[in-house]
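Just dropping this structure here.
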Amino acid sequence: MLSYLANPQRFMGFSAWAAPLFAVLAFVLFAVGLPWALFYSPADYQQGETVRIMYVHVPAAWWAMGVYAFMGGASFVGLVWRHVLADIAARAAAPVGAVFAGVCLVTGSLWGAPTWGTWWEWDGRLTSMLALFIIYLGYLALWSAVEDEEKAARLAAILCLVGLINLPIIKFSVDWWSTLHQPASIMRSGGSAIDPSMMGPLLTMAGAFLALFGALTLYNMRAAIFRRRVEAAELRGAGA
Amino acid sequence: MTFRRDLALMWGGGGVLAPLGFFLGATMLVPLAMGPERALLQSAGPPLVWIAAALAVLATLERLFQADLEDGSLEQTLLSRAPLEALVLAKGLALWCAVGLPLALAGAPAAIALQAPVERIGVIVVSLGLGMAAFIGVGLVGAAVTAGVKRGGVLIALIVLPFFAPPIIFGSAVAAGEQVGAALAILTGCALAALALGPIAAAAALRLQAE
Amino acid sequence: MSAARPFQDKPALRVDGLSIARGGRVLFENMSFAASAGEFVELRGANGAGKTSLLRALAGFLKPRAGRIEFDGEDEPALALHFIGHTNGLKPNVSARAHITYWAGLFGAPPGWDIPLQSVGLAGMSERLTRTLSQGQARRLALTRLLVAPRKIWLLDEPAAALDDAGRAMVGDLIAAHCKQGGVVVAAVHEPLGPAPSQTLTVGS
Amino acid sequence: MTFRRDLALMWGGGGVLAPLGFFLGATMLVPLAMGPERALLQSAGPPLVWIAAALAVLATLERLFQADLEDGSLEQTLLSRAPLEALVLAKGLALWCAVGLPLALAGAPAAIALQAPVERIGVIVVSLGLGMAAFIGVGLVGAAVTAGVKRGGVLIALIVLPFFAPPIIFGSAVAAGEQVGAALAILTGCALAALALGPIAAAAALRLQAE
Amino acid sequence: MSAARPFQDKPALRVDGLSIARGGRVLFENMSFAASAGEFVELRGANGAGKTSLLRALAGFLKPRAGRIEFDGEDEPALALHFIGHTNGLKPNVSARAHITYWAGLFGAPPGWDIPLQSVGLAGMSERLTRTLSQGQARRLALTRLLVAPRKIWLLDEPAAALDDAGRAMVGDLIAAHCKQGGVVVAAVHEPLGPAPSQTLTVGS
């Protein structure tokens, strides 16, 4: 599958229908998940209605990390097998991941104000999530600061791989530090500790975020490939 | 290896004292800015030693490889018999000897000036030494990745600071006397990981920088 | 005889269909040439034609847009060549001797090597910081890299820049001696250096 | 004059963002190092904004004239029709616009992050702006005097930091909300004095640096 | 006629008993010469002889150990001269056009001046950052300083360094034209530039 798509020509063919498909899927999942989460799911017995922030916060947090892991994989492929499409994929995913991280931070701090009584604390998880957000920004800034695209791709890939180390830190920060933020209750060894009635909307929203990521990334990649084709044509023109 | 390291030490030694002056100046300014309240200094001071150290390293990073790139000595390094990773590691170790070690030692008077308890000075110096190694390992990558870039300075800060966070958190814990043993262990881990992986990533980046 | 020409039997440098672009503009396309042991290849071309870019591509610093560069008989081409670019690669506050010892370590000088300041006309300057050298003296110091450790291929970018007449002659002699030993020299020049080139390539259209 | 100033602005604009990243990074590290204790941050934080700002300026000074000296553009400046004092002043003003002003503005979020009361943000930004002018005026002299020197970095710190003390003391008073009026007046005085005298001394030093 | 030779009637440069030392070593002693309007003085000498030092002393950057330098008819000699040193005085991340406008402000370009990139063979490069210029292109850009604002005395340190044949010819033409207008040119060179010098000074012993 991957090696099949590694050809830009075939990728363009595939993404021509896959990108809109993901977009439609995201739309449908949001259309189902948002009302479910906001109106038809139970309020928490402790937190009341504010718990509904969770349905945005948690998927955003998951996919902020997930997108970074995806970029890590793509960067590795780009570095080792010199694959242009992998470089483009990593670059295309980054803004989406940055936005997810930003959404996680904003919803988290909106949620923190009523429940913890503070917008922001320098606790382990919050800090490492902020670090992830900054790493995203640094990655994007590096990419745009280097003029030569191929060089930019390699340098950014190196940075991305180095930044992977932050993911386990975010994941386990709640266990390593004694903190405000609650420890994992869904994805943990020994089964989920969350009420099943919350699980449905949460997973739907997680699916919606994933589909959104897929759609945006594919569209970004297509745009990048079109731009490169135009530039390559100009270069050929200048040489002749 | 040691031979080359010593060479690199002299080589990279252009601005050895600068970060030291920077560091001592910074810690000198703290009491001025905070006023002479002892209690405040006592709790805020020791962590500030860490911040000053991190900033002193940060300030040296921008020119670390950029100078080599501009004056053509990076090209020569690429033609060397020794693997580039080893040369970068040597540069990192030289930087640690030239900047990290003096800063860690200067941490003693600085910590005293900032009212850290005297019996804690020993661990503070050790932890600073470890932390500097971690900063430098990460800093090598930031410096290498941004070497040819127009606005290198901000980029380095942006890239490197998220990675500076863990050593600072645990280092300040040591300085504040909390969970010293565990924090020292984590700092050692950070330092080793940074010095092991940093040069590899930095060398890969430098290879791309010669244009 | 074979001691006098240590590089003689190995084949040398081959360039095939090379094409180089800088900043989105193609400098030249489909350049091919080969140089065997003992050859001196002269690169000519107007300012901005691409001589420096070609030399940097040969040294492996610059990725060509297309084409192949082969160093026959060498697994690791970077270890088989010396590169003298437009910049001298000197640190202003470091002495001449320290530079040379550093290079000796970097390039792997053979045991018993000697600081070759005499041969480039810098006798007695070993303790001078390089920022106190004149332009021509700094260039001469950079040229000592060629002498510290023997390498087969020399890529020289205007090696005689800033040198006086004696200096130009010295560079010519170095090149002639190296070719005689079976080395390969590729040098970009604006004016002939002395030894007759075995081929002259004109870079750019 | 304005014409030349704008030119100098573009000219000196190489590393505009670097100090900003440095400053924001520094203020981000503070809470990491001090731990999340709110009370401590509240009293220690605002003065730290000043220290971070001073260090950010200090970090830009080393290369301020050294780059001009190395690349030969200082020579051209000496042949200018305009008096060197005016050119140095223009460079100082450009530095203030490019570094000082952004830093002063960045002082607002930084002060908030360090738990300064929101109603005090206005004066903090104004006082930072004045303080930056004072730092820059003094910094020009330090940078000019050490431009050709081997170990410029420490020297600048040594020369410049004693003069940074008064603005920091009064600026921190503003940040802490003590005697704001008087402190602002003194800061204005410092800024004017530094900008008036600094360029004269710096120009005199620079004339000697071209060898 | 006087419009064509604006500098003609003023007298020019006189050097008397000049002696220069660098790093505790005397380079030359008791040098005297004078150049009047329209003269082209060529400085020759081996690497390290002191050509650059002499030019820097003339420009006022370096204090001589002894002797006098007079620019007759000029109160403020620094305002009457252009200096092109070994370094080009370029900022890597600034465009060619921005450099030239900066110099125009610095040296006081006359109203109606034009960006002289065409005349140095850099047409179409005005938006290029100087770090993307080749060595010779950068040198050409530095030479535009001579054309942005007219000044009587030109002190040139190897002005044709890194230039191709066309570039050398261009420098020769610039010098010839300037002398014809009554300017004075003092140029350190290792090889003749084209126009016949009115005097040749050999620096150093």
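A, B, C, D and E are the chain letters, set down in written order, and residue numbers restart from 1 in every chain.
One rule holds in what follows: a contact is a pair of C-beta atoms (placed from the backbone, for glycine too) under 8 Å apart; a residue touches a chain by one contact, two chains touch by 3 or more.
On a predicted model such as this, the values are computed, not experimentally measured, just so you know.
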{"item": "Contact-graph separation of subunit A and subunit B, given in steps at minimum", "value": "1"}
{"item": "Farthest chain (mean CA position) relative to subunit A", "value": "E"}
{"item": "Intercentroid distance (Cα basis), subunit C paired with subunit B, Å", "value": "37"}
{"item": "Gap in Å, rounded to a whole number, between the CA centres of subunit D and subunit C", "value": "45"}
{"item": "Separation of subunit C from subunit E, taking each centre as the mean of its C-alpha atoms, in whole Å", "value": "31"}
{"item": "Residues of subunit E engaged with two or more neighbouring chains", "value": "86, 93"}
{"item": "Residues of subunit B touching at least two other chains", "value": "14, 70, 150-151, 154-155, 158, 161, 165, 169"}
{"item": "Multi-partner residues of subunit A (at least 2 other chains)", "value": "127"}
{"item": "Residue ranges of subunit D touching subunit E (in the complex, touch as defined)", "value": "3-4, 7, 10-11, 14, 70-73, 75-82, 210-211"}
{"item": "Footprint of subunit B on subunit D - complex, ascending", "value": "14-22, 24-26, 28-30, 32-35, 37, 40, 43-44, 47-48, 50-51, 54-55, 58-59, 62-63, 150-158, 161, 164-165, 168-169, 171-172, 176"}
{"item": "Interface residues, subunit E side, partner subunit C - complex", "value": "22-23, 45-48, 52, 86, 121, 132-137, 139-140, 158, 161-168, 190-191"}
{"item": "Touch list for subunit A against partner subunit B, complex", "value": "79, 124, 127-128, 130-132, 134-135, 137-138, 141-142, 145-146, 151, 154-155, 158-159, 161-163, 165-166, 169"}
{"item": "Subunit D contact footprint on subunit E (complex, rising order)", "value": "56, 59-62, 78-79, 81-83, 85-91, 93-94, 98, 101-103, 105-108, 145"}
